[in-house]
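One structure follows; several queries about it will come next.
Order of writing sets the chain letters: A, B, C and D. Residues in each chain are counted from 1.
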Amino acid sequence: MMALQRLFNNLATSKLNTPKLLSNFVPRCSYGLNNVGSDDPDVEIIEKKIVEEKTSLAMRAYLQRATQYNSFMQQQTHEYNVGKRHLANMMGVDPETFTQSDIDVAIDYLFPSGLYDPKARPLMKPPSEVFPSKKDAEFDESGRPFHVFFYTGKPNFYLILHNIATKLSELNKFEDSLRKNNILPDPDKKLTSLGSQWLSKEDLEKLTVEKLSDHEYKNFVIAIERLLKHPCSYKYGEFISDYQKPMISTKAIIESAPVEYTKDGRAFVTVKDCPRKDARADVTVYYPGTGKLSINGKGIEFFDDIQAREQILFPLLFTDMVDKVDIHATVRGGGVSGKAGAIRFGISWSLRSFVDPETVERMRIAGLLQKDYRRRERKKPGQARARRKFTWKKR
Amino acid sequence: MRAYRRLCGYATAAVKQETQYQIPTAARTEKKNPVDHDSQDVSKFYTIDPKTVSNIFQTGGLPKPFTEQTNMFAETALMIRQPALEVINSLKSTDFQKPAVRYLLYGQTGSGKSLSLAHILHYAYSSKFILYHIPYVPIWLKYDRKEVNWSSSKNGMADIPLIAAQWLKHFVHQNGALLNELNLTTSQDYVWSQRETTPQGTTLNELVTHGINRAKYACDCMDILLNELKAHCSNNRCKMLVAIDGFNAFFNEKTDLKTEDRVKVTPQQITMVQTGLSAVLSDWNNGAIIMVTSPRAALNTKRESHLPIYLIGRQGFEHIDPFIPVMVPELSTVEFNNMLDYYEEKRWLQKPGGRKELEFLTSKLPADLMARCAPL
Amino acid sequence: MALFAKYLRIGSTVKHGFQAFPQLTTAKYSVYPPHFAEPVYKKQELDKLYESGEIENYKLIPFKAAKSNETCSIFHDPMVAKFINYMLLKGQKKLAREVLEKTFEKIKKLQLEKYNRETDPEKKASMIIDPVVILKKAVANSKPLLKLTAVKRGGSFYQVPVPITDKESTFYAMRWFVQCGREKDKSISFADFMATELIKASNNDGKVVNKKLDLHKQCEANRAYAHYRWS
Amino acid sequence: MSALQTTLRRTTAVLMPIGYYPARVWCSTRAAPTDGKFRVLDLKKKSFVPHAKKKYIKTITLPPRALSMPVDQEWSNVWPGPRTFHPATVPLALRQGYDPKRASPGKYGNAELMKIPNFLHITPPAVKKHCSALKQFCTEWPKGLETDEDCDRHFPMTTITTDYCHSSPTIKDPKSRIVTIKIKLSTLNLDKHARDKMIRLVGDRYDEESDILTIVTDRCPTRKQNYDYGVYVLTALYHESNTFEEWERQKQEADMEHYIWENNPSKKAYVTLTRWPEKVSDDDVKSHSIDEDTVGQKYKEAVTELLNNGEDTYTLNKYREAALAVLLPQTIQA
């Protein structure tokens, strides 16, 4: 936006825009096209003139596109606002206090879709959320790019890499200067990547508004990881954290399920539809108990397979609750190990309510509280099985 | 050496543990004769001396895995359990003038019914009962390239002569000495064919020997033997214990057997089964009848429950009513611990400390426990 | 031989050590995102982590679910589980496990017979009956120190002795056991054959140990090619 | 190429069967083009003559009705009844569908929006309007039917039918013809025989636990017919179960709904046992009474319960106690 404003100012005063290419200044791109079709008539006239006189072909095409896009967005916004008033009227509510969340509720009521994916259901959203943003102009009216890295094709991405590299060399210098004075970089301040992960490829693409290849993304990760591992990396902690996001929170795992009580005062937790492969299990754990187990009305003999029995035992043994709880499970679908795995997950998931937080953490590390999403791999066409290829001989 | 230790750190750890860990010894009782066993001996082991074992069980009666285990441990040790003791106690106090009392042992697969029966058999053997013992009925009815013929004496019935002869051998092995001692004889003439007859007054041993030698008549011989024994018992000349393991197989819907003309045979059509069924009728006294029902003896499709009437059906119930059902439960905690003590004493269980796990995995069924401990 | 192996290892860049943090690139088809770590399902190992304070590193990392053949039972051993997996044919894990358990039973029977025959109390005490220990010992005894790889030099392939990682050598040893079991005479059962073979190997004898020695001999014979690893 | 050669060639060409030799040869004569253009021999007359382009007349359509709607209109007048979604009539900026690269499709030409049901005709103001219009026809709730129990007592039969809500303006779903009739069997006041016969007649339509008989009729095309048929079936069942047919006398032991100890071998076994060692005949068994025999009474009760209620730990234990008292009275005393 800044860049464009500047462009218009320059155009108005008929001066050539000379970006400070020599310095490290590169405008960090702002996303979305704004204010290209200005409302001010004077500006428009001058603009048109100069556009015709001096601007390059690319710039003219760009301006045309931008005006088109803006008017389109304006129209869409207008439609949305009118639609919102209509909807408020339909639902018999005051349109002034009608918010987006009210719209969502109303649409859900008027168009009850049974589609599984919420994304596929009908919606009414402001156009800014619906239409993807577009990149601003990257060059001036004479066709000269603003960005130093314009000719790399992916200026924003390479800017990031460039910044990482400069920071790294600065850190090296800094470290040298420290060592000259016989000071060692503070090991306590050292940054770690614990609890956070790098932005995913999609996130990075969104940030740069550029399409990246896998290879480029890998380069980015290698570069930023090298910066992180530098002993003095704490100097640029903020810069690094711009490209990090927190890891999947373990909070949901550690928070225990709500406890209910039977008539005789025993606590119990029910977990429904515990998944593993094709099996689904409903598990109820009663506490305190005496180690009774019932699976579909049978005891442990429900499973002939010793491995399946061991799986049922695993969480109980791990938490030392073998004879302290009663378990009631119903399981359907799947095979033997699937059934056992589903029950195992149900037991461990409900045991969280009856053990101390440290044990819950231990269970998490032991992999008891993670759903096992692995499924049978499909057979592929042109192959004998999932991975196996047909026998092939060259001659 | 150090390198080796590092390579199998587990081994040294185990060895170290063993030196610290005191290997327990199982609780045993010195009373070798089951007549002396009382409620104080429950959950303790007692050893049967090898000679008695070979006299009673050499030709059947002990489950195969158990026999293998006894061979390895070089002793036959049985745990004294409540159900067997209960039957033995009531046998001791039975009024033998009344008709023979029927007991039915039932319980889950692997809960120790056959070994309880073995204990009772040992008692009966040492109190000089004649044992009319069928080791395991399904063996008779399983397809095993057996010769099945139509019976010559009973119309529409089928004989399995070789199996019957085998059983007669088993009978002689168990009771030969006792029969000689009692000197029981036949009460009437039996005409097998034009040339072969057994005159009145022949000893039962001779009768059985004839059945063994002439396998064709073995099935009839079984029947006659039973009738003779029933009569002798009723006349107070001897005592008899009928013991049938896998009793519910008599009431199965079908067998795997076919006669030579490829006709399928139901259990009710087999003479030996009829003899077995008539053995459990209490139309005689001076004895007792013990039956064992087991889900494993039933057909594959009918093993949902271990309860007796489900297994023998209404017909079976009416055949043996009234009877005393005796439940053989899983091991109690004391029994379970003693059993594991025994295994550890015999070095069969190498890793101590997993008792809770074993209890959960096997639900304290002794046969399951035996199988689970085998690779540990 | 060990010296030779050491010599070869100088040039090797094989790194050992526990990787505490998840790798950047995971297995190609894994359903878990790359930052998921392998679970620590043994209680003793977890206790060790707590003692050393290493556990702090694990607090924020998500963990994969424990597999269906992993438990914290004292009877469970990762090496035995691995051996079962190597024995596996067509995914019949139940059968493979049964066969190995039968093998263990047989080992115990054989060792117990010896144990009962032994009269010297000292020897009796030092006798190993635990089949898992025997398996470990047998595998340790049959682990090769070197392996041969084909390297193309001047148009022809040379069998070049190369140092071997611990994991790989364990795999070699276990694979040899399974191979021997499959090549055996049909009249003996797999379990019986395996039992005798494992006991023999634990005493540094038997087919598998011979296989190892054969490999060593070949490496020794081809030591002239060793430099092909670098040049 | 000399003239001789050309002639030679021509003759050979003539001699060749037509269609075998390339047609090009015939053009290689020395005949010169007349108008300076190179004349091409067009044997198959396939040269393309472009047709005159069809002129499409753009039909003039009115702009969507939604554009001219005032925002404070009465919506229920615009959309009075159930109707498939129409983009020009609904003044909302609706979208449906998902595309990771582009914006989701709008309402025009979007078949997905037409597939899903809509409730545009029953917006909250519309519902209010309907209710106020219907209010004048409502009557008071009848007295004496305040609780569910009262309702059940006065109206023991429940009829269940289902109406289906569609996006289409019809309620003619094939499933709406199905009629379910539920009634508690106890409300029919049947005697012992009739009740047994009824249960045998209806089979699995009777639920023992809740004592409810359920009749589902779906064989007729309309709901009315199905309802009539259901009521007819219920009536027929009632009368049929109240009649006693001659063949019902032939009922045997296996047909009995309950186990009756006196008619069964269990009694014979018991009598034989008590009178041991004398032999008993069938008449003896019949005439034997156990009225004063507490052991026998208990035994009878246990056997009946065991066979009627099915075996479980409780009934088996009871039977065991009774059997012990019969077979081993001395141990019980001990």
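The rule we apply is simple: contacts are C-beta pairs under 8 Å (C-beta built on N, C-alpha and C of every residue); 3 or more make two chains touch, one makes a residue touch a chain.
Computed from a predicted structure; not experimentally measured.
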Lowest number of touching-chain links that must be crossed from chain A to chain C: 1
Chain C and chain D: spacing of chain centres that average the CA atoms, whole Å: 58
Whole-Å gap between the CA centroids of chain B and chain C: 46
Where chain A and chain D are represented by their mean Cα positions, the distance between them in whole Å: 42
Chain C: positions in contact with at least two other chains: 73
Multi-partner residues of chain A (at least 2 other chains): 306, 310, 313, 317
Where chain B touches two or more other chains at once, by residue number: 357
Touch relationships between chains, expressed as pairs: A-B, A-C, A-D, B-C, B-D
Complex interface listing, chain D residues touching chain B: 264-266, 269-270, 272-273, 276-277, 299, 303, 306-307, 311-312, 316, 319-320, 323-324, 326-328, 330-331, 334
In the complex, chain B residues that touch chain D: 89-90, 93-95, 98-99, 101-102, 282, 285, 307-310, 314, 317-318, 321-325, 327
Residues of chain D touching chain A in the complex: 69, 71-73, 75, 85, 91-98, 101-104, 112-113, 116-120, 123-125, 128
Contact footprint of chain A on chain C as seen in their complex: 21, 24, 29, 31-32, 35, 38-41, 43, 46, 55, 57-66, 68-73, 76, 93-94, 97
In the complex, chain A residues that touch chain C: 193-195, 197, 218, 221, 225, 247-248, 250, 305-307, 310-311, 313-314, 317-318, 337, 340-341, 345, 361-362, 364-368, 370-375, 377
